[in-house]
Structure formats: C-alpha cells, structure tokens
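Shared between the two complexes below is chain A, which pairs with chain B and chain C, respectively.
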Partner chain A sequence: MSPFALFLARRVAFAVLLVLLVSSGSMWLVSLAPGDYATQLRGPGVSSATLERDRERLGLDRSIAEQYGDWLSGLVRLDLGTSLRFARPVRELVGMRACNTAILAATALFIATLIGLPLGVIAGSSSAAGLVSAIRGLSVFGMSLPPLLTSIVFAFFAARTGWFPIGGMTSLRAVDSGALAGLLDIGWHLVLPALALALPIAATLERLLARSMHETLQEPFILAALARGIPRRRVVWRHALRVAIRPVAGIYGVIVGGLLSGSFAVELVTAWPGLGRLMFDALISRDVQLVAGCAAVGSVFLACGNLLSDFALAAADPRLREE
Partner chain B sequence: MRRRSEAVIGSKTSHAWRTIGQWINGTRQPMVRMRVCGVLAALAGLTLAAACGDPGRAVLTPSDGEGGALVGTIRGEPRTFNHLLAVENETLLFSRLTQASLVRINRTTDMVEPWLAGSWESEDDGRTHRLALRPDVTFSDGAPFTSADVLFTFEAVYDDAVGSPLADSLRFDGLPIEVTAPDDVTVVVRFPVPYSPGVRVLDSLPMLPKHLLEPALRAGTFRDAWDVTTAPTELAGLGPFALESYVPGQRLVFAKNPRYWRQDAGGVQLPYLDGITLEVVSDQNTEMLRLEAGEVDLISGGVRAEDFGGLARAAHDGKVQIHDLGVDLNADFLFFNLRPEAMADDPRRSWLQHRDWRLAVSHAVDRVSFANTVYLGLAQPIHGPITPGNGTWFTPELPKFEYDVQRADALLAGLGLIDRDGDGLREDATGSPVRFALLTHQGNSSRERATQVLQADLSQLGIGVDLVPTEFGTLIERITSMDFDAAYFGFLATDTDPAGNLDFWLSSGASHFWNPNQATPASDWEARVDALISEQLQVADLDRRVELFNEIQTTVAENQPLVYFAASRLSVATSTRLTNVEPSVLRPHVLWNADMLAVNPPQ
Partner chain C sequence: MERVTQMLGAGLLLAVLGAAFAAPWLAPHAGEAQFRDYLYAPPMRVRIVDVEGQWRAPFVHRWRLADRVMRTFEEDRSERYPLRWFVRGRLVGLDAAAGQPLLLLGGDGLGRDLVSRLLLGARTTLGVALLAAIGAVLLGVVVGGLAGYAGGAVDEMLMRLADLVLVLPTIYAVLALRAVLPAVLSTATLFWLLVGLLALVAWPYVARGVRAIVAAERGREYTLAAVAVGAGPIRILVTHLLPATRGFLTVQATLLLPAFILAEATLSYVGLGFAQPAASWGAMLRDASNINTIADFPWLLSPAAAIIVVVFSVNVVSGAGGRGGALGALTR
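Coming up: the complex of A and B.
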C-alpha cells in the first residue's frame, strides 16, 4: 500500500470513529439528562402509572446500556433506529433534512470561498494601504457577526424590502411550476441564509489567507520569480497562492464543522427545513434515537469536511503525498 | 324523564360584543373599521342562527365572495395525523381541520352545540345521553359515517395498546364511558358516574373512520397507522378540509373537503375557503415578520407584548388586524412543593410548607407593578386560578392579597423568620438563611421576567430566591418527580368548564401540582374541595354549579397553594384580507371555525 493510500485509510478510519463517538456520546448525554420522551409526551400533570405504562410501551423502561446496545447493533446494519416522536425510521427522517442542510452549508461555503479567498489575496499582496485597511476592517466586522444575529437582521431586511422571502425553502406557488422554476425558487430562498452563514467564514478565510500570502511573498522563491521578470500578478495568483493556501486548506475541516453548528441557528430563524431544526425538536422532546441520528449525520459532515481538507492539503503539498 | 337539548348556541359572549364596541368607538384602525358593517351583519346573522339552533346551517357568509386560500403558520410539525396518539398543538390543529367530533364547544358562546350528532337527549340520572347522528354524513373518501365509527373511535381511544393521551380525560373515577349503538344513527353514551357537563367532554374526541383504521387496531399496529408519512389518499375525515400534501419541515397543504356536511344559511356548501396552507416557522420573531410583511394571514399563537409595536405599524398600513380577546384563560403561577415526603429531611419544611409562608409571599408582591413589568402593562392582577377571561366561572369575590409589606413581615415573623444577624436576609429558628430555589421555563421571556420580579420583591422582605431557569424537559421531569422547592409555571386549560380540568382541582389529580396523586387528601381544605367538586359534578343546574365552584375557588384562594399574580391580555393578529374571524381564547384561536373563514379577493 502506498504511503498516500495508507494516509487516506487512516483518515477514513478516524472519520468512522468520529461518527461513532459523536452519535454514541449524544445518545448517552440525552439519555442521562433529566426527563424522557414519556414525560415530554404527557407534560407535568400525569400520573406515575400512566408514565410507567408509556415507558414500557416505548421501551424506555430498559436500562440505558440496553437501549444503547440495541441501537449499536442496528447501526452496524446502517439502521439508525426509530424516532419516538414521529414513529418513523430515523434514516427516513434525517435523509431529506440532511440534504437541505448540505445545500445550505455548501452554498455558504462556496460564497465564503468566493468572497474570502480573492479578498485575502488582494489584502495580502496589495501595496495600497487604504485598500488593505478597508478589507481588514470589513473582515474584522464580518468575523464579529454571529450567523444568528445576521440572519435576524436579514429577516428584517427581507420583511421591509420584500426583495427576498423571509423564511422557508420553497414558495407554495413554485411547487408545480417545473424543475427550473423550482430550482430558481430554492436559490432565491437560499440567498439570505447562505449569506448569513457565509459572511463570518469569508472574513476568517480572508484574514488567514492575507497573513499567509503576506508571509509567502517574503519567501526567496517569490523574489527569484519576480527577479526573473515574471509579472507580479502571475507570481501572486499562480506561485504564491499555491503555497499560501495550505494553512487555509488545513482549516476547511474545522470550518465545515462550524458551518454546521452555525447553520442550526440560521435554520431556526429562517425556517430552513434542515437537520438543525429537526435535531432541536428532537432534543426538546428527548427523542433519543433521533438526536443520535442527527448527530451521526452531523458528524459525517464534519468527517467529510476533514477528509476534504486532507485531500486539499495533499493536493497542495506534494510532501504530504510522499510521507 | 328526558331533557331535550335546545338552544345550544346561546347569545354571544361579552368578548365578541366588546370587540364590536371597540370598532364602533374607533379604537381600531381605519381599514378595519370599514369592515364593521359587514361584521355586524354577520354577527347579527349568527345570533339569528342561534335562535334557529342548528350550526349545520351556519349563517355567516363570506363578505366579498367565496374561495381563496389562507396561509398560516405553525411552530412545529404534527407528530402524527392521528389525534388519538398526540395532543400537542399541531396535531390538535390538524385534527380540527380534517376531523370532527360528535358535539362542539362553540368557542365564542362557550356553549355545546350539535355537530356530527344533530341532537341529543339527556336522562335525569346525569349519566346517560342518547345522541342522534346527522343522516347522510360521509367521510372525505365517500364512506358513510355511522354509529359503528363512533363505537370504533371509543374502542380505539380506550385500548391500552394504543395508550391514547385523550383516554385519561374520558375516564371518570378511572372508568371509561360506556357507549352503545342501538342503530346506525343513534349512539347512547353512559358515564360511569354522574357528570354534569355531560356531552361537553365529547368535543375533544374526533370521530375516526372504522373502514380505514380497524385493521390496524385489530393487528395491534394502530400506533403506526396514520403517521406523518401516510399518503394523503390513505387518510379520511369528517372535517372541512383534507390533507393534500405535507412537505416535512416546510408546510402542510389542505384542500377543501367537497363532502363536508355543513352548509351556510343560504345553502352554500362549506367551507368557504378552497384551501389552507400551514407553513412551519419555528421562530416566533420570523413568524411575526411574515405576518407584518403580508406573507401569511395568521400566526399560530397569541401576540406577545413585545410585538405590539411592529404590529401597530402593520395595522396602520392596513396589512394586519389585531383582535383583542380580553384577559387570557391561562395564567402562570408560583407554587411550592407541599408534598411532605419530598421535604421530609429538609429543615426548611416547617416554614416552606406552611400556609402563612404562602400568604406572606402573596402579600409581598405588588401585582399591579408585576403586571406592568412582566407583561408591559397588558395584564390584569388576579388572585386565583380562574381569570376574568372565563366569563361563566370567574368570581371577583375571592379573598384578595393586596400588596402589604407590613402584613407579610408579620406573617414571616410569626413563623420565626427574622433577620437575626442584620445582614438583610432572614434566618429561621435554627439560624439557617431563608432562601429557596425557584425553577422556571428557560427561554420563556414572560416567565423569566416574572421570576426576576419575584426575586426582587421578595429580597425586599429579606427572602433569598435562587433563580433556576431550566430547559423544558428537565423542568417537566423535576416537577413530575417533585424535585423542587418552588416553581413558576403555567398550564393550558383545555376547557372553560372547571369540570374539564378535574385533575387540577382534585387532591388525587395528577395536575394538582403542589401535591399531586394524593391517596387521601393531605389537608382539611383539600378534602373540602374534593367534596365540593364531587357535589358540583352531580348538579345539573348551572347556577348551582357556579355557586359551588365559587366556594371551591374561595377555599383554594384562602390557602394559596398556587400564588397567582397577573393574567395577560390575549390578542391575536390576522391579515386584513381574512374575514369571518371569530377568535377564541381557547386554541386554536382562529382556526377553530376554519369552515367559516373566508378571504377577500385581491383589490
């Protein structure tokens, strides 16, 4: 096995372990928290006999270890269990929601990359002090904006102007208007939540890349390239960027994880039908297997982000492929 | 001897007329005022119908034409399409739109009116009622509705394997209602004990189609039947609408049920609306913004005090109408853990479970200031569980606990609670500081504000309060397991008639929050309340029941097991294009009469 294949195999094994640990941990934590689905279902005014009957019917009278064992044996067969709240397989419930969250997160990441990287290159390579200061100021402002706050502000903006929908993922009128109209409608609904998520990430990417680019431009190979008469723009965008991008690529995995937690807040405010809202409702109602299922899918995102980050790093740095 | 049910729709309650009065007096926005004549005519018509007595032929008419669709919001998603399995707001609303019960409580008159049962006769024993089903009623899939469906529904709700949360409210002394069907259009219901509200309790039970659900009940899979992934074509109901589509996390779309059994006075088939769409919007701020922007016609709950500013602007722009429903039926309350075993080893028990302690706390809080701070002035001070919003059962004659620091101080001193070391905090006889932990619902802004006010007011008296805002699930668990010193909480009354909330009043009740599920009454006054409740359940005469219930309220107020401070005013907001709105203090506030709602066509 080549060193690179071994490297990938190690990373994939780590990803599987991550998913298992996160979903198991969330299941244990929710099970150990005070209250269970039966108390949620009935509310405070309920007799203990009724509660006991419900617990027996729902299988909540068994020990946590026993419930976990059942769930784990199902997980081996990729069965995430059954939601107590919806009485449906968790896999069915989280599938579509995970897709919706992925659409939101991927769009936000795309926008953040599209904004953050070029600005980072400009800020890190430009000699125009005013421009660099302006970009830095904007980035610091952008980094201080939590997605929750930004999405609330955007919702007000949409309500006042009517330019964008205030929430949701699709319009009722777009339901039967064909695939293209449907896609455009989703895109129209995506703008504000994706921007709310993307702005702080774009700012982070810009700051990281600007610093890295600034340091890279001091490297001897850059000075040599410039001395050979290669145009500065080409040196910056082709030679320096390939080196400066490495630390940025390295934190993409972390960004994807942050993107997911940020998207949970944005989904609640903008009524985006994603995993965040489903998990929030599941947590409130102590729907243990649904929480674990949502956490599992969330950790899959995180693991995928880390893997992508590793691939990107390996692509950008040949030494990693050879080690 | 039998009493025939007559005039089941009474006159309009004060709420509806108060709203009209506000319109006439010009306290409403101009665009709203323009609709006064139409609404007056409509309400006059409704009163006329009351005299005629059959809601099967309603008299409100759409003001500007029929048809159209309404868009509303819901905070969460229904857990199931089967109301027998869940009672949370979304499933309840789904049921109100797609299903129907034998009788209905008219939310504006608070009277029971014939619904699927066109009439009924009641025996003098206070237990037996013979209901005549309307003929020629069919489910939305075309199958006829008969007494067999009624029997099936009762069988399902009482089935232990189903574990319906509705079953407890349909059991009396732990026993089910006995239901028989002499023929296809007659049902006899017999309560195990005399029950004065009679068939009123049947409002909460939707009739289910036996032809669709019986196989699941027999196979023991009823709990899986009609889950949220069930195709709309596999559902059928007797309500005004039928589910057309459900997009998880996004919306439920309902279409008019063409086989709905009601017509208006002019013979027009109800419902007026062609459809209803309910958008899922979890966040209350977003919900409000969508209403203000005209994206939706109504929101799921009442208007919060902090939302009135934005809504007033939208009302001024003619986008929104605000309906003031008066004082809410439900009010939050402070209660202490009065279960002796729960505090058996706690040295504070001698004073924390003492009546004088509760009276002192009640006197220590300025209720007017409380209403102004917690509800931004949109509330009324109260002294007992029944608020002025409950016209029939409220009494202003309860003992009052006015703000009186001297009296509170004297009561605390009488318990030996005085500031012994001059640090501003009282100590009991053992020298332990007088302080307790107060649980409340984290994230509920009014409850959090209320506990802060209580903490401030009680600290003036030298009482330490440790606030413990608690996540809802944990809060429920701690209250249910009696693991608390005190809690500030509330619950939703399911009916205006106190007999609908027996669990709250009876010492054996599970909702007797301060000391639930007592085997025998823990105190003389609770035994007295139990006896009075039992007596009023056997009395048919409403005036006598009210008299008895006033005595119950007085007894409870004298002992302050629950300390009430203020009841908020309840308002709901709808778009101005929505007509025939008759909002109710009971949920669902607007969609309870969805079949009568109409929308104005775009101008």
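Coming up: the complex of A and C.
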C-alpha cells in the first residue's frame, strides 16, 4: 500500500469515528439534559401521570443506555431511528433536509469560487497597485459580512424591492407548473441565501489565493517559463495557478465547516428548509433521535469536506500521490 | 498605507470599546425606557437651520404620528427642541420640560431609544465576547502549554481532543450545548454561561498554536540552560516558554472576538440568548427578525451595522490579508 493510500485510509477511519462520536455525543447530551420530549410537548403544569403515560408511549421510560444501545444497533443497519415530533423515520426527514442544505452550500461554494478565484489570481499577479489594494479592501470588507447579517439585510432589500422572494425555497404558484418552472423557482429563491453565504468565503478564497499567487510568482520556474517566451497571461493562469491553488485546496475542510455554520444562520433567517433548521427545532423539542440524525449527517458533510480537501491536495500536487 | 489602515481600524475598535465602557453616560436614555408615542418612530434629524432659514444651535423637531395604522410620522416643524449637553448626568439630551425623548436612531417596537440600546447592548455583547476570548486564551494556554511541555501520550491525547472540537462548526457546538440547558435564565446567569460555553468551544484554536510554540522553544538552548541550572518544569513553562506565545495570543484573541460577537448574535437571534428587556446586539437583531417590520422600519437594522463595523475593524487590525486572519472569517 502506498503511503498516500495509507494516509487516506487513516483519514477515512477518522471520518467514521467523527460521525460516530458526534452523533453519539449529541444523543447523550440531549438525553442527559433537563427536560425531555414529553415535557417540551406538554408544556408546564402537567400532571406527572400524563408525562409518565407519554413517556411509556414514546419509549422514553427506558434507561438512557438502553435507548442508546437500541439506536446504535439501528445505526449499524443505517437506520437512524424515528423522530418523536414528526412520527416519521429520521432518515427520511434528514435526507430531504440535508439535500436542501447541500443545494444551498454547493451553490454558495460555486459562487464563492466564481468570485474569489479570478479576483485572487488578479490581485496576486497584477502590478497595478490601485487595483490590487481595491480588491484587497473589498475582500477585507467581504470577510466582515457574516451570513447571518447579510441574509437579514438581503431579506430587507428583497422585501423593499420585490425583486427576489424574501424566504422559503419554493413559491405556491410554482407547485404545478412543470419541472423546469419548478427548478427556475428554486433557483430564484436560492440567489440571495447563496450569495449571503458565499461572500465571506469568496473573500477568504481571494485572500489566500492572492497571497499564494504572489509567492509562487517569485519562484524560479516562473522566470524560466517567461524566459522561454510563454506569454505572461498564460504563465499566470496555467503554470502559476496550478501551484498557487495548493494551500487553498488544503482548506476545503475548513470551508465546509464554514458553510455549515453559515447555512444554519441563513436557513433560519430566510426560512430555507435545511438541516440547520431541523436540528434547531429538534434540539428545542428534545427530539433525541432526530438530533442525533442531524448531527450524524452534518458530520458526514464535515468528513466529506476534509476528504475532499485531501483529494484536492493530491490532485494539485503530484508529489503527494507518489511518495 | 498598510500601517495607516491598521491604525484606523484599531482606533475604530477602541472607540467602540470606549463607547461601550461609557455607555451609561453616553446613552441619552435608559435602555428600558419606553416612549409610548414613539413606537417605530424614525430617526430624528438634527438640524442647525430653522424653518425661516436662520442658523441655530443643533436642535430637533418632534415627530407627530401621521398614520396610526401604517405608523408613519411627520416632523412637527412648529417647535424647536435644542440639544442640551451634559444634562442629568448624560452627555446629551433634551430639556426635561420638553417631555420629549431624543431618538437619534429612531425607536423600536416598544418605543425605546435605539442609540441607548445599541450603546448599552455593546456592553453585553462585547463583554461576553471579550471575557470569552480571555477565557479561551487561558484554557488554551493551560492545555497547549501542558501538551507542548509534556509531549508523548499526554500531548497526543490532548491534541486529538482539540482536533475533534476544532472540526465541529463552532456555532453548532455552542447551540447544542446552550439548547440543552434551561431556556429561561436570568441575564446575569446567561452572561456567564455564554462566556463559559464560548470559551469551552474555542480553546483548541489557542491550544494548538501554544503547543507548537512551546514544543519548539523547549529544545532551544536557553531552555536547556534553565534546565541545567535546576529550574523546575512549572518555572520553565511559566517564566521561560509561555512568554514566547504572547504575540500569537494577542492575534488569536483578536480573531476570536468577531466569532464570539456573532455567536452571541446568532444565539440571541434564535431565542436562546439574551431576551427582553435586556439589551444586547443579538437581542436587538431578534426584534428585527420580522421581515415586514424591517422593510418598513429599516433603522431596526442598526445592530447589524454595529456588528459589521466591529468585525470589519478587527479584520483590518489583524491584517486579514494574512493567512490566519483569512481563516478566522470561516471559523464563525
């Protein structure tokens, strides 16, 4: 086995462990917390007999260890249990919501790359000081725009101008107007939340890439390429970019973490029916297995981000693959 | 140029901190004071030219409710209310006889002065963020120092733990921990609870760096010299190794600040943080969570502007062009 394969195997093992630890941890956390689903459901001032009946009905009267054991044995069969609140399989609920969050996050990542990458290359390679500092200033400002606040401000503009929907993922009139219209409608709802999520990430990408590009352009191989008469534009966008992108590829794991954090805020503000919202509601109503399910899927996202970053690094740097 | 912008950022940050410190004196009104005739009143315009075109000392006009349903106001130009400086132990206000509040940023849904609430809210929000940053740095120094100095199995164990906490998105970790605690808590309890929770999820950022520095410095000649003359491990760690982390700690604490401000804002926004009548930037943002309300009364967005100003100046000060600074934007 090559060292890189071994390295990947270790990362995969860490990913599995992460998913298991995070979902188990959140399950214990919610189970041990004061109050359970029955108390949250009935509110204050309910007789203990009623609560007991509820708990018996919902299977909450068993010990926490017993419930955890049951859940764990289900997990092996990829059965995430049943939501108390929705009385539906957690897998079903979480799957749909995770898909929505993934749409939001992937769009945001796409927009961020679309904005951040070219700007980073320009800021890192241009000799026009005014342009470079303008991009830099924009980026520092962009980094200071947390998705929570940006999405509130965007919602304000949407409400004022009526150009964009203020929230949600679909509008009522688009329900039965065909697949294409439905997709367009979702895209329409996606613009502002995805942009709010993308801005700080675009700024971060730009800064990292600009810095790394600047360093790469000092390297001797760039000088050699220029000396051979390759046009500067081609040297920058082909030769230098391939090398400069490496540190950026290395932080995709962090970026996915940032996307998840950011999408929580965006989902709550814009009523995007994603994982963050579901998790929040589940936490508040002490819907134990749903919380664990959301945490499991969220950590799968994180683990994927970290693995993705490993692969991206390997793709950008042949030395990593061969060694 | 770089230096100048950094100084400007630092100045802005210091000004905000100073304003938070002096809030009870700077704020024209008490944070809880409600003015029933001024629900959702727009910001008052400070004028220096009166209706006849005469120059005057700065004054404001009264807002008169024009439409009770739509809550639109119009200026009542018939009377001038000059600003009074240093009245009733506050920097600025109107004559008590006028029976008139000074609403420079308008009123919220309960007719409270937004300027006063922003200033007093800064105390809560920045207080939580600052204390939590100090807490995270302290915890990180202890854990990182221990791991870096001890090395071996202790190091391995502590750093794996740090890795695990690091990979979790901060806001989810805080949210989960906060959500399982009782929803309704007194403001003071909540304040310290948030400080504790934030420090608890953020220490690994500090610990990792401290560990790396301590582990590197441990092999240097001056440390070996200290060992040779018989200094004990605690003495070496505290008086010789940890001072090397000072620069790193300052940068790290600055980077944690915006993350914590935002965490408070997010928690309060979703209803797990500070609640009425306490003023914090997050709690004020929650007042603005109804989209129809902010569309009509955009001045309710002022806490968002305040947060962006602080985060921006931190990013400028920390030289966000740098790698650490750039990544800091994502840890929120």
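We adopt the following convention: the second predicted complex is superposed on the first by the 315 of 323 C-alpha atoms of A that agree within 3 Å, B and C clash if a C-alpha of one lies under 4 Å from a C-alpha of the other, contacts with A are read in each partner's own complex, and residues count from 1 in each chain.
By our rule, contacts are C-beta pairs under 8 Å (C-beta built on N, C-alpha and C of every residue); 3 or more make two chains touch, one makes a residue touch a chain.
The shown structure was predicted, so the numbers you read here are calculated from the model rather than taken from an experiment.
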Clash or fit, chain B versus chain C on superposed chain A: clash
Which superposed partner A:21 touches (first chain B, second chain C, both, neither): second
Contacts of A:274 with chain B and chain C, given as first, second, both or neither: first
Touching partner for A:201 - first (chain B), second (chain C), both, neither: second
Which of chain B and chain C A:178 touches, first, second, both or neither: neither
Touching partner for A:86 - first (chain B), second (chain C), both, neither: first
Which of chain B and chain C A:50 touches, first, second, both or neither: first
Which superposed partner A:156 touches (first chain B, second chain C, both, neither): both
Chain B versus chain C as contact partner of A:34, first or second or both or neither: both
Chain B versus chain C as contact partner of A:130, first or second or both or neither: neither
Stretch of chain B, among 151-159, 439-447 or 457-465, that runs into chain C once the two complexes are superposed: 439-447
Where chain A meets both chain C and chain B, residue numbers: 33-35, 152, 155-156, 159, 166-167, 268-269, 280, 284
Residue ranges of chain C in contact with chain A within the complex: 1, 164, 167-172, 175-177, 179-183, 258, 262, 265-266, 269-270, 285, 288-289, 291-292, 294-295, 298, 301, 304, 307-308, 311-312, 314-316, 320-323, 325-327, 329-332
Chain A - residues contacting chain B, complex: 33-36, 39-48, 50-51, 53-54, 57, 85-88, 92-93, 96-97, 100, 152, 155-156, 158-159, 162, 165-170, 172, 175, 268-271, 273-274, 277-278, 280-281, 284-286
Residue numbers on chain A that touch chain C, as the complex places them: 18, 21-22, 26, 29-30, 32-35, 133, 136, 139-141, 143-146, 148-149, 152-153, 155-156, 159-160, 166-167, 200-201, 203-204, 207-208, 210-211, 247, 251, 253-255, 257-258, 260-262, 264-265, 268-269, 279-280, 283-284, 291, 295, 298, 302, 306
Complex contacts: residues of chain B adjacent to chain A: 71, 76-77, 79-80, 86, 160-161, 163, 165, 168, 223-224, 227-229, 245, 247-251, 253, 277, 279-283, 285-286, 289-290, 292-293, 295, 471-474, 476-480, 489, 491, 503-504, 509-511, 513, 516-517
